[in-house]
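Look for chain A in each of the two complexes below; its partner is chain B in the first and chain C in the second.
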Partner chain A sequence: MIRIVDSLAIVRHLKSIFALLCLGLLLTAPAHAEDHIVTQKNKAFTVADANIKVGDTITFRNEDTVVHNIFSLSDPMSFDLGTYAPGETRQVAFKTMGTYLIECSIHPNMKLNVHVTN
Partner chain B sequence: MLDSSQHEVKRTRDKLNAYRLLAGLVATLVGALGYVIAGAAPLEQAAPGDAVRRGDQLFHSYCSRCHGVDADGKSPLAALLSTRPSNLRRSVLSRADKERMVRLGGAVNSRSPIMPSWQNELSRTQINDILDYLQSIRESKP
Partner chain C sequence: MKNLMDTGLKKNAKVITCFALVLATLCPGSPPRAQQTDPWLRPAEVPAPADNLPSDARILLGRTLFFDPRVSGSGFVSCASCHNPGFGWSDGLQTALGSGFHKLPRHTPTILNAAYGTLLMWDGRKQGLEDQALGPITSPAEMDMPVGDLIERLSHIAAYQPLFDAAYPGQGVSAETIAKAIASFERTVVSQPSPFDRWRMGDASAINTEAKHGFELFTGKANCIKCHSGFNFSDGGFHNIGIGDDDPGRYGILKLPAMRGAFKTPTLRDVALHSPYMHNGSYNTLAQVIEHYNRGGVQVPNLAPEMQPLHLTQEEETDLVAFLDTLTSPRTPVAIPPLPR
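Up next, the complex of A and B:
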């Protein structure tokens, strides 16, 4: 009788431990990264500013009639996406906090500020 | 009271006077126009240096980010590119080849595709201005 009671207690304890473990995993799991779309049209970005979270990505979509070459020389991370034609896309993951000035090497008036926060 | 023949004469005289008046007006207008044309300032001729100045501005707006502010191929963006942009101060290409390169891009000219085609962005005049500018800063051979 005493052994059965002990077994039940142990099972209850195990259940509590398991529940605590699951809760812990949920609280510490990373937030789902979002993808943001920024369009190029009429030799301009369709937005002037973008606010995103660390880990998010931006998909640069060329909906223009001309090619674009998007790049950034900002300190957090520099990149060059190369020339891509109308209809094509390029994606960048922003893993470092900071402000990025995004430009086009072909169209000097194209500018986009991306603010990456936690 | 005038008879019919006198009426005829009067009508003819009136017509002649009207024609004389019209001729006088036309002559006055032609004379005035001639005076204006003769007195107009001659068309301003663009100085040769203007093309180089325009080319300088165009180069710095469109080309310097890759080719560098000194056109020597050194720029912050150049460090990210898989093919280093040309040092345009020492280019051995002919003017015609340079013009084709700028207008049609690198891929068409068997060079790096990183060099874009500028024919949709720059007019022929603007491209020539840039070439004039590049000629003006070309380093002479040692």
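Up next, the complex of A and C:
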């Protein structure tokens, strides 16, 4: 009898712990993380500026006729997407607040400012 | 997902001077396009930064400095020694000669239409004409003139003072005014209407059938337009076209794998005048250049994907060269100004 009572108590505790864990995850995860598409076409980005939230992603989509190499050497986060051909995409998650200057190493006139806020 | 559309552009820090566009004089017949809308024709306006708008005084000072050998440590070499107007503003050598006549590793690029570029030099290490102007002058490997010595030398040449006063009142002789003046002159070194341009503006007889076919190949089968695009026949970009030497190129400035062995696309304006070709001057003729592209270049690890064998016939190669020859401006003498004493 004592063992059964102990087991029930353990299960109740586990349920409470599980509930607390789920609540913690909900509190820390981005509320509405979005994916934004930025297209490369005619050796240019289709936008010059983008305002997104922490946790959002940008999908860089090459709709051009040439290869691009999108990169950033900005303080919040540096990245190099490598070269990718027309029709291909690359995605970047922006997990840190700040302003990012995003460029193409092959076509230096291509510039995109991304402002990441909470 | 959200597709971001441009709702407002960030203002560029540089103010582009606006000159009235001059409409092309159209010959009788049906012109393919008006000058102001044809992407293959050079725009009338030349960009200049707001803090160095062109003036006759600035251009005169810049021209004088450009041709003055006293800006070099030896007193013998001027900017025009390597950027010689007689050689299409290059020097006709495989690679440049520097201080002590030592061979430098790269071919002297032309300064023609450099005013329209953003990043200058084969590796793009200079941002605009003002940034570039003092580079070769102060480089120990090139003109070997420290900027302090240059300022002192020019300050002791009496006839330079009124030129500086007229160009930059109250600013005297400084690194900034020297660089700005040279840049102002270089903004006048732009391509003039060539046979190709006259053809684009409606003169059907301006270029021959072979050249017209060459232009079709340039924009089609030969794939040149992927990099040699626009009125300046350059995307201003950086590509590894498989020359096969060990020069790191743009990678020396921007440490990204894609930039290993990548060099800036040069203009093809007046290309027939500024041989040899490629960053190391490895080809003497345009025919050799076309053959390089026809082969698809040397198969190096970072070869640009655009570099593929073209399978051009001999006739097609010849027609491409015929087209490139039509990009040559009328050749006119360039006067050397009296140098101040």
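Methods note: the second predicted complex is superposed on the first by the 88 of 118 C-alpha atoms of A that agree within 3 Å, B and C clash if a C-alpha of one lies under 4 Å from a C-alpha of the other, contacts with A are read in each partner's own complex, and residues count from 1 in each chain.
Just so it is clear, a contact is a pair of C-beta atoms (placed from the backbone, for glycine too) under 8 Å apart; a residue touches a chain by one contact, two chains touch by 3 or more.
The structure displayed is predicted, hence computed values, not measured ones.
Trainee: Quick one: chain B and chain C on chain A, clash or fit?
Mentor: Verdict on chain A: clash between chain B and chain C.
Trainee: So, A:107: does it touch chain B (first), chain C (second), both, or neither?
Mentor: both
Trainee: Taking the superposition on A as described, I'd like to know which of chain B and chain C A:99 touches: first, second, both or neither.
Mentor: neither
Trainee: For A:66, select first, second, both or neither according to whether it touches chain B, chain C, the two together, or no partner.
Mentor: both
Trainee: Look at the residues of chain A and decide whether chain B or chain C touches more of them.
Mentor: C
Trainee: Applying the document's definition of touch, where does A:91 land relative to chain B and chain C: first, second, both, or neither?
Mentor: Neither partner.
Trainee: Let me test your reading of the model: by the given contact rule, A:117 touches which partner, first (chain B), second (chain C), both or neither?
Mentor: The answer is neither, since A:117 touches no partner chain.
Trainee: Using the touch definition from the top, say if A:38 reaches chain B (first), chain C (second), both or neither.
Mentor: Touch partner of A:38: chain C, not chain B.
Trainee: For A:47, is the partner it touches chain B (first), chain C (second), both, or none of the two (neither)?
Mentor: second
Trainee: Does chain B (first) or chain C (second) touch A:78, or do both, or does neither?
Mentor: After superposing on A, A:78 lies in contact with chain B but is clear of chain C.
Trainee: Where does chain C run into chain B after the fit on chain A, at 58-66, 76-84, 148-156 or 184-192?
Mentor: The listed stretch with clashing C-alpha atoms is 76-84.
Trainee: For chain A, give the residues common to its interface with chain B and its interface with chain C.
Mentor: Chain A residues touching both partners: 66-67, 69, 71, 80, 82-83, 105-108.
Trainee: So in the complex, the part of chain A that touches chain C is made up of which residues?
Mentor: Contacts found on chain A: 34-39, 43, 46-50, 59, 65-67, 69, 71, 80, 82-83, 85, 105-109, 113.
Trainee: Going by the contact rule at the top, pick out the chain A residues touching chain B in the complex.
Mentor: That would be residues 66-67, 69, 71, 73, 78-80, 82-83, 103, 105-108 of chain A.
Trainee: For the complex, give me every residue of chain B touching chain A.
Mentor: 61-62, 65-66, 76-77, 80-81, 113-114, 116-118, 120-121
Trainee: State the interface residues of chain C toward chain A in the complex, per the touch definition above.
Mentor: Result: residues 1-6, 8-10, 118-119, 124, 226, 229, 235-239, 250, 254, 256-259, 262, 304-306 of chain C touch chain A.
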